[in-house]
Amino acid sequence: MKVLVAVLCLFCAFLTADFIWSQGETPVRTGVSGFEERAGDGVRAGMESRGLESRGVPFDHALHGDSIGLDCAACHTGSKSGARAYMPAKSDCMDCHRLPLTEKPGIEKLDSALADAPEHPWKAVSQLPDHVVFHHGVHSAAGVTCADCHGGRGAVARAVDDREAIARDARNVPNYERNVYGGLKIDMKTCLQCHKGETFKERNFKPAATYCAACHR
Amino acid sequence: MALVGLLQGCKKGQLGDGAGTGSGERLSAFMKRCEDEVRLAVSEAHGRMDLVKVPMPKEMKGSLAGFSAGSAREASVNRFGMAIDLDLCNGCGKCILACNTENNVALVTDEEAARGRFMHWIDMRGGAPFMCAHCGDAPCEKVCPTGAANHTPDGISAMMYKRCTGSRFCGANCPAKARKFNFNDAQELGLVRKLNYDVPLREKGVMEKCSLCLHRLQNDRMRFKTEAAIAGSNAEWRGRGVKTACAEACPRNAIVFGNWLDPESPLVKAAQGRQLYAPRELAEHDPAVVFMMGKR
Amino acid sequence: MLNFLRFIGLLLLLPGLVALGYSVYQGPAAWAVDSSTFWGTPISLFVFWIGLAHAGTLLSAIFLALDIKMDKRTAMMAELSTLCSLAIAVIFPLMHLGVLDRFYMVLPLADARANFSNIRSPLVWDFCCIGVYGILSLLFFGTHLGAKTFSGLKKIRKPLAWLLFPLVLWVHTVVSLDFAASFVPEWAGAFFPVYFIVGAVYSGIALVCCILWFEGYRMRLLEKLLMISSWILCAIWLWNFAAQRTFCTSAFIFAGLLPQLYWVESIRETRIGRICIYLSVLLGLWLERLFLVSPNLGTTAGASFGWVDLGLIAFSAGAFILAFTSIRGGLGSAMEGESTFFGEVDSTDMATSADGSEEDEALDPADEKNYVEPWASHETRTLRFPLFVGFSVATFFCIWCAAQLNFDNIELSLANVIPLVYPIAALVAAFIVCGKAYVNEVRPNFGSVQLRHRKVMHVVAVLLLIMFGSLLGAFYAGGKSAPSNQEVAAQPYNFENTEGDLIGDADSSAQEISAPRAALIWNSRCATCHGTDGKFNEKFIREYYPVPQKLDSARIDSIGVDSLVNVILNGRANMNAYGNRLSGSEARGLVRYMQQLAKEAK
Amino acid sequence: MTPFVNALACLLCLASAMFLWRYKSSFYRNSLLLVGFMIIFGVFTFFGGEMFEAGSIPMLEHYPFKMLALSLCFSTTSLAVRRRRYMVLAQVFWLWIELFGGISLFYRGFDIAWTRIIAIAGIAFFSSLLSKISKEMEFCLMVFWIAVWIFF
């Protein structure tokens, strides 16, 4: 009995302190953004807290993704070649949207919204700490897909509240610790695990550099 | 005139961020302060370097044998360093200014400046720039309790500021005293601006020193690896084409940056047939930043 | 006397607290350090107080281990002085740090981020040794106190003493390695272990003498040891001068010459004379530590000594006096044995072992081999077995260390981990010894303790466990790191080029970017319509867009590079203008890539 | 330091050990002797090791202390009581000086004499197991110490 109490004390204190200390410890919350049309206020508030801001242009990732053969890098320039994945500028949207694309109702509304939109309709604030180097391009070139970290499919499923899809997603992808978007929860531990080749074994990633200055400056 | 001033003031929004805005100082004025400080540091420079001859830096001894498969494979092919040509250098101090703006080096308060204590990563010693030599057998790294000072496989003695507790053991153990300690909270005092987003600002209480423009090398390495993977080539990254800020800024090209293990590197070419020197206290620690003078 | 001491302590402590607060707030800039003198007053205070901390246990434990009789009161005083000065000592290396809240990073445990401290550093050894020393001293003192209630605890005092004996010397050796392992010319010395320990023992004996003086009695054996230490230290100073050409004159006067006044009988036999000698020794050794830690102090190159430094000294002295007197007053007669001496303790009954006791100052029995009674079964059970377990744990620890990520590209020598071996072994062994004593002696007799006390003990135990658990949890969680909050809006024009290539004018359209880069740009910018392989993005094109021209080698060649670049940059028909998003060299690279794709498509 | 001077040092230790722990010699006499030896050893190292000629030779920094330890080792053979305990302690003292001196030199770029350290540790451990130290055993130990000093 006494031993039980002692172990319980130890364990509870450990968990509590760990929890308190690690509040806000995960600096990088990766996840696809912008289900403005469907998302409730909660998601929007969450977006704002993460420094994402949309200026009047509704956007749905589900409509723009694989269904029409578009790559993330088409809008998020740099996400497969550079250090940062940028948000699209209005001119990037207008590459396609200057032509009438569908007959769906509401397209005029979109057109007028686009016409009024500022030059940079979206703005994001980097969540990466200053001392961390994360190069999107090199990870993409090594075979890591956007959805591995940002949880593309899971996020889409969640957005439409498709429980079955969420379950399927969970079955297909190994059960790593995930953030609210279904992407990999990112902190130094998970970075290192993957770099050492401990996680994502099924994907045959090559082990990557693990010395400090590979990712820190 | 007022309009020009206003425009200058507006530019701040693009270049500098919140750091140091407490003073409300304009960027141009800040840059002027930086220049003045460098000028002061150059004019106050004293002391001589006691140089001894050293051979050309080679691979770091010993430390790389244990590289496991998971670690960087490029371990053995790179060792970055610099050579400073004392025949060309006239001690103008442009390298110091370039370094300061590139690496967001903090200014110091007036009384510290009066005592000659600057945060500059490059000091003027004996009329020539002197910075961390990135010793292959670095004494500072051995004694760092947290491992904040450590070596990359590419031969850079790197500093992880977030891991630094500021015990200052490394500073005490550096034979050349090339390390600087952040005594002030420079951000709070408005002594620093984030002129270069690639380099994080250092907080109060951590050590800093020349990083051989680590961020430039990191960026180039990432870019190279991305392109190599797309092209399907197996080429090793040799850091070709990268230059440090000081090397870039030197009007007489007296500072040459390169890869000691790459025969095509400008550094190896420049050092060929020249006599290399290092400060006496560093000579036995296998420095990667050396001085060139005269023919061999 | 106690009240007078408390008054003095308070008088020193209050201004000292101001200095302490100021220097914690201000950071290292507050005291005498600068960019050439990195270590200042806190470190010299640390070395000084840790030296004082040794003497108590050293005297008590070694006397016990070597069968030299010492009365309980003196032993308890010595142990208590050890604990108090240890508590003072650990404050200083902590406040010396530039970033205080990262002190836990020195601990050699892998945290949640797989970070591991650099166990090659003497500071890490320091941290561990002092921690273990603190715990063991506490256990030793606790068993001494508890022996009154639980007589069975007396049995483990001797095994604990044997564990402490090497540990005491080990700790100060490791402190000396902080200096000896460095490249600072004034600090480099392979003889530092001996040097430091003689200094520590010397100052510690002086402190115990002081305490006994305030208690109102004296111990001639300690005085003898004090004098002998002074001679040995002088001899070492001489050697220090020969080896390094440095000599601290003030320390020599206060700790070398003045104590020799002890030989004048009129001084030795008056209370004032004796206390002056003790205090002069303490002062001299403090000056020596200061001189050692910051050799440039006072010279033009060095930093200058200010009020904060004086305040820190006052704080340490005041806090020690207050802590010691209040615990002494609180414990009262619990510290005194049945046969308390009120008067002089003579050393006549110790003459038989006198030859041994003088070696002690400079001896370090490193491990269990010193427990010289051969493999008696009792001894094996009480000490050899725990030590064996301890050494095994230490060995496993070393192997585990070498497997850490930090040491992937550093070869970890045996010399890097040896200083950690004994503290770990001693800690484990001490826990085993005490645990066994708890199970065998304390628990069966627990009923005899008053109910109220039992409840208090339980609460304290639970609180301790909670504290330990939360510390562990906090350590494992690690610190936070703030996001950069840099705004990432749309891609800046021509950004990719300036990011990588740092030389050359990237914008001059005569140059051309590399093929892989062109491929990357193609994939993100052009593949939307033209397809990654140049054969259109079927899904998109069929549905929405007029079909663009097919990639055809002959056609591309006929149009020519320049006009194709023009099309990319300025647009034509359904083709968009990319002039504000791509540079000339990038467009040129894209054309080259198109030619390549067209060739492959054939 | 030449091997000859090193051997001479060993002889000096042996000679000095004769004076320690004489029957009925006082506390102060013994310690004064120790201090005197300390100084003699220092002077011997200073001149014999030619320290002032070659600048500072770090290997000699703890040489006088090693000599003192060796001398203590020798002297314990003549103890009347608790010979084994103090013999082991003296050897461990020697071991301690060698080990930590070696570690501090290791950080300054010198190799550690592991064979020497292991030899001393081994003999210290095994002499702790001896139940009775006979004259022959004493002689063997002394020969062993001298061998360690000169050859290892």
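Residue numbering begins at 1 within each chain, and the chains themselves are lettered A, B, C and D in the order written.
Here, a contact is a pair of C-beta atoms (placed from the backbone, for glycine too) under 8 Å apart; a residue touches a chain by one contact, two chains touch by 3 or more.
No experiment lies behind these values; they were computed from the predicted model shown.
In terms of C-beta pairs in contact, A-C outnumbers the other of B-D and A-C.
Ranked by how close its mean Cα position lies to the mean of all protein Cα atoms, the top chain is C. Distance between subunit B and subunit D, defined via averaged C-alpha coordinates, is recorded as 48 Å. Chain centres here are Cα averages; for subunit A and subunit D they lie 68 Å apart.
Chain geometry summary: the mean Cα position of subunit A and that of subunit C are 40 Å apart.
The centroid of the Cα atoms in subunit B and the matching centroid in subunit C are 29 Å apart.
Contacts with at least two other chains are made by residues 107 of subunit D. Among the residues of subunit B, those touching two or more other chains are numbered 70-71, 139, 142-143, 147, 150, 153, 162-163, 200, 219, 223, 226-228, 230.
Multi-chain contact residues of subunit A (touching two or more other chains): 81, 83, 129-131, 137, 196, 210-211.
Pairwise chain contacts in this structure: A-B, A-C, B-C, B-D, C-D. Of all the residues in subunit B, the ones that touch subunit D in their complex are 137, 139, 142-143, 284.
Contacts from subunit B toward subunit C in the complex involve residues 17, 62-68, 70-71, 75, 115, 117, 139, 141-147, 150-151, 153, 162-169, 171-175, 177, 180-185, 197, 200, 203-207, 216, 219-220, 223-224, 226-228, 230-231, 241-243, 248, 281.
Within the complex formed with subunit B, the residues of subunit C that make contact are 27-29, 33-36, 38-39, 93, 96-100, 102-103, 105-106, 115-118, 120-124, 127, 178, 181-184, 406-411, 481, 484, 486, 499-503, 514-517, 519-520. Those residues of subunit B whose C-beta lies close enough to touch subunit A in the complex are 69-72, 147, 150, 152-153, 156, 158, 160-163, 198-201, 211, 214-215, 218-219, 222-223, 225-230.
Touching subunit D in their complex are the following residues of subunit C: 66, 169, 173, 176-177, 180-183, 188-194, 224, 227-228, 231-232, 234-236, 238-239, 242-244, 352-356, 358-359, 362-366, 369-372, 374-375, 413-415, 418-419.
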